[in-house]
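Please read through the structure below; I'll follow up with questions.
Chain naming follows the written order as A, B, C and D, and within any one chain the residues start at number 1.
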Amino acid sequence: MLGDIFYVEGKYIRDPVHGEIFIPDELLPILDHPYIQRLRRVRQLALAEIVYPSANHSRFSHSLGVYHITAHATSSLGTLAYALVHDAGHGPFSHLSEYALMKNGYKFDHETRLKKILPEILQNSVLSPREVLKAPENPLVTGGIGSDRLDYLRRDSYFAGIAVGEIAWDRIVRNVSVADGRLLARHKILPNIEHIFVSRFILGDALYFHKTVLIANEMFVRALKELLEYYKPEDIVKMDDTALINAFRKTENRWWSDIENRQLFGMVFRSADYEEARERFEELAGEHGEDNAILGERAAWHKPPEVIMEDGRTIEEVSPLVASLWETDRRRHYYFVAVRRQ
Amino acid sequence: MLGDIFYVEGKYIRDPVHGEIFIPDELLPILDHPYIQRLRRVRQLALAEIVYPSANHSRFSHSLGVYHITAHATSSLGTLAYALVHDAGHGPFSHLSEYALMKNGYKFDHETRLKKILPEILQNSVLSPREVLKAPENPLVTGGIGSDRLDYLRRDSYFAGIAVGEIAWDRIVRNVSVADGRLLARHKILPNIEHIFVSRFILGDALYFHKTVLIANEMFVRALKELLEYYKPEDIVKMDDTALINAFRKTENRWWSDIENRQLFGMVFRSADYEEARERFEELAGEHGEDNAILGERAAWHKPPEVIMEDGRTIEEVSPLVASLWETDRRRHYYFVAVRRQ
Amino acid sequence: MLGDIFYVEGKYIRDPVHGEIFIPDELLPILDHPYIQRLRRVRQLALAEIVYPSANHSRFSHSLGVYHITAHATSSLGTLAYALVHDAGHGPFSHLSEYALMKNGYKFDHETRLKKILPEILQNSVLSPREVLKAPENPLVTGGIGSDRLDYLRRDSYFAGIAVGEIAWDRIVRNVSVADGRLLARHKILPNIEHIFVSRFILGDALYFHKTVLIANEMFVRALKELLEYYKPEDIVKMDDTALINAFRKTENRWWSDIENRQLFGMVFRSADYEEARERFEELAGEHGEDNAILGERAAWHKPPEVIMEDGRTIEEVSPLVASLWETDRRRHYYFVAVRRQ
Amino acid sequence: MLGDIFYVEGKYIRDPVHGEIFIPDELLPILDHPYIQRLRRVRQLALAEIVYPSANHSRFSHSLGVYHITAHATSSLGTLAYALVHDAGHGPFSHLSEYALMKNGYKFDHETRLKKILPEILQNSVLSPREVLKAPENPLVTGGIGSDRLDYLRRDSYFAGIAVGEIAWDRIVRNVSVADGRLLARHKILPNIEHIFVSRFILGDALYFHKTVLIANEMFVRALKELLEYYKPEDIVKMDDTALINAFRKTENRWWSDIENRQLFGMVFRSADYEEARERFEELAGEHGEDNAILGERAAWHKPPEVIMEDGRTIEEVSPLVASLWETDRRRHYYFVAVRRQ
């Protein structure tokens, strides 16, 4: 029966995707920590809101959602804490600042940073960093059909307004288990698993790799390049979106002001061939100036999903549909050149 | 934590309103009983589908929904069983056959019938009729803000397609308790309670007492009157909708065939005054024949909701909004005369 | 601007999937025809409601939905009428009676029947059968990404409660056109088209070819076989679901009563090899009797979707994802044997 | 028919509330103006996201929604432009900065500011400020059941995740008209109108006047008081939320940092009597210091809705339900004292 849950003390938070999310008292010190609260001001989808105006939801609401789904799959406190904190290491604009730092020659990844700040986040908690990072059930969060993905697919589509991504996560979480650090899925949820990967793939085309978003992302890379003349990378990654935007404004960053006022470059060339694209870029950059042309990429992003069925076979072995995604994705890979509109 | 629920064996049923509904093994003999399965073929809203084509959902799905909400409020097996069976006594077309029998001079109510058939329904169950009908927590189902109402408001609006009735039932059920056979509500859910009663009231106007539905209902009363020349009331109430429609067709019931082919009477007169309406009816019936005119009523249906707040006051004392419904409803009461269109 | 639409006279019908559906006066004689009204009592998904209790929506609501989507794509009156009538030729339980008649040696298809009854349906209309059946824009309804499919995917998932099928049909219909009797799609909606075919495929596994539904379908084939001793096929196809169920009951059809009371056979064998399955069936039928075993099939149902992109290539050429469905589907093809549970 | 709309050129924007929003080319210069784009960074609900983490949607998406609903009610270009610009005069955090300036002795209202900046917004448009501000159909936007309200009720509940506010706006807009500068409503939509006002009232209690939000608002008033030592009011109102938060941080505003880190005051006293509350406040402020206590108000906010039915009566005359809101609201009026938690 469900009756037992009423005896745990805690807090209810309203979420448009999941209804009520219950956080037990013992996790509240983590939730209330400034490092987690900072995620309220970190956009989940960075610049996607340029194309989808309502897709300005935060990593904070996503973290709550990941926690909620995980709480239907396990009662391991370490894993539940991990669900809450797993994105705390992100820089401003989430993956985008990570990408832009890397393109500008700096190495940064949010998982390493999480390890660094986790002791501070847990300071008022009963849990140790090891109990959180190494909890045996963490694949329920991070796995190919883990709660991280189950939440973001639904959440991103809810806020963007794209009719994809309403995954039956309740059915999924009660049909997976963890064995040897990997997720095992029952055969009966095969259609649901296919649904996950296909939804993710379609959201890739429609949202994450939307042409206009890709252009804005490359403009952001340039914006950050100029910002790095004023700020150190280790200070940038601590910022929230608000602080980063302010830094751009304060340093009169032309690239950022173009992004903000939607003076976006126009795509003039695309090709699957890098050399071809680079040549075209150099030609146009030579003609119009370095600051008036960008070279970007719609990467092939699909990776083998690492989902194992209960009979030991991988999802690709069982589903030609999922297996096809690799080739479909590879064909959509392209490089592009975009230039400032006159 | 929520983990415990996974150790109970049972069955999951997909429901568009609530997602997955879990029925534990010990209640399956009740669910599978022909008297409960019969509810699959009893329309929740009788003839409302004439106006709202998709509102042909069944009492069976409603019963599952009531069970589901109740399972979030209590683990009392008696009350959970009561949630499943509470509507099993209904005749075909739910309340409408009850109303039509009464108008034709026969007394029938589904609660008395439930008492009669309950021993049979429970025959393969561990529960006795008394444990089900007298379970102390049953007000969680039947109360003014009980699960019966919480489900039907959402369900009826979901299938009719009316944008009213998405009640936050999860928040409500964890803020009510049973004391002395009555529901007690915490003050903090006052807006949610107001929402329930107002939604119900608005659905009354838009759906349950829609003008066209009222006319069809009165035509059904006449259809049943003729049917009673061939069938006994005690046999009619055992039928499901399919059997009743077949009985109408077999006896070449003209009233029913008019309903089925949407040859509905047109409303030509309405008044809050019964005498006035009756006079007009007699005039028109005299002129066109008894079979070409009907006299009906949009009843004042709002009853004091019997919800008590934790401080002992009734909801009407606390909320002028809820209190206003009585007067609003009274003003909408009217009698009408409708005649066959030429 | 949208203003113009307000000057057309007509009727609004509330639909939970599409909101308000507007039917102009000139199409009302078609909508009100008994052949179309009959579809209110023909289940869109036949016996799927055994597994998904709310999936008892009607072909009537689907027909309205197809009309609604079509009205966003064209103003051709012939095609709009076609959208309304396109399913009028269906027998009771839609495709299932067609399948069951075929399995019992009778040929029936709803498209041929539509041609036969169409003159009658159009009798009070300004349109001729030819103007309806041969309207140049009809591929907007029937095409691989036509309004028929766009509606049923969304509608079936809405009523079953399966989180698949919320297609962005508004975006799709304004990016397709008809050329030489075929639909042409703009390249920019490629992810939306992939979404359609994958949703359909996933609904196939979860709903249309659900194991329990397949078993019930084969039991229905047997039920119909016995019914054909009492009724002629040409009379059966005219029935609505209510009349057919009544015919089963009147003839004390054991197969039907088992379906109705959920005494469903259990699957004991499945194989991709027909001979193997047939042997097993014969063995079991020999042992337990012909009436206690059935042989059925989860067919490979995926057909090339016949969608052409604006550059002349087919969708399979452009999308490995869509192309993979053929092989994925083929692998799920199996034959099964099910027997009566003791 | 709907066909005509396809010949207008323009742009489609995806919105989770309304699906696709079409902006015709002639309005794009207005949409793209920096004053309108600035609304992307102005939160519709200011600090409500403290309680409802996903309620951080922008005035920009609301403006698009108001435009979309208006476009279903009229084709008047002036009114459509008005729908897009009607909120452009808002300061950061929308109504909250207006309230906080007023409480600190400065007069500011967004409508006056709109008049001032409108010529600039329209500079690349064919419309004059007069044609926009004085368009005869503007009551379709601003009226008691105008598109402004129809959008925000739905939008605020969508993002907060509160199950109230799904208004049938499509049905409403085709049953209202403008006469002598006022909205006239057909009697048949009375239940829909009641639904609007009750939804709004319930959202008031649950969201706009949530206790925690009221406390945060008063803390914001204090934060702004200190900020006014550094910035001029006329500069503050030009900021977007990002700039204002940065100004708070730069001046090391203690009140703001408490809001941001959720160190919110706790409510220790509430009373309908102002004098009583003021006395208690002074007592506590004397004891703990001015900076450790705040005096706030849950205002009576319900105003007569100014909706006229087609027979000339007001909505309050027709609906005791709507009329009751005034008294219900008046009873919920209170003053409160909150103090810094230790």
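Going forward, a residue touches a chain if its C-beta (ideal position, glycine included) is under 8 Å from a C-beta of that chain, and two chains touch if they have at least 3 such contacts.
What you see is a predicted model, and the numbers here were worked out from it, not measured in a lab.
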Farthest chain from subunit A, going by mean C-alpha coordinates, please.
B
Could you report, rounded to a multiple of 5°, the rotation needed to superpose subunit A's C-alpha atoms on subunit D?
180
Taking all residue numbers at the subunit C to subunit D contact, is the shared part over half or under half, that is, same or different?
same
Could you quickly compare B-C and A-B and let me know which has more C-beta contacts?
B-C
Between subunit B and subunit C, tell me the centre distance in angstrom, where each centre is the average of that chain's C-alpha atoms.
31
Where the centres are mean C-alpha positions, what is the separation of subunit A from subunit B, in Å?
46
Contacts with two or more other chains occur in subunit C at residues 19, 162, 168
Enumerate the contact residues on subunit C facing subunit D in the complex.
1-6, 8, 12, 19-20, 24, 71-72, 74-75, 168, 170-171, 174
Which of the residues in subunit C come into contact with subunit A in the complex?
162-164, 166-168, 190-192, 194-195, 198, 201-202, 205-206, 319-321, 323-325, 327-328, 331
Subunit D partner contacts - residues on subunit A that touch it in the complex
13-17, 19, 32, 34, 37, 40, 49, 51-54, 56-58, 60-61, 64, 158-162, 241-243, 245-246, 249, 260-262
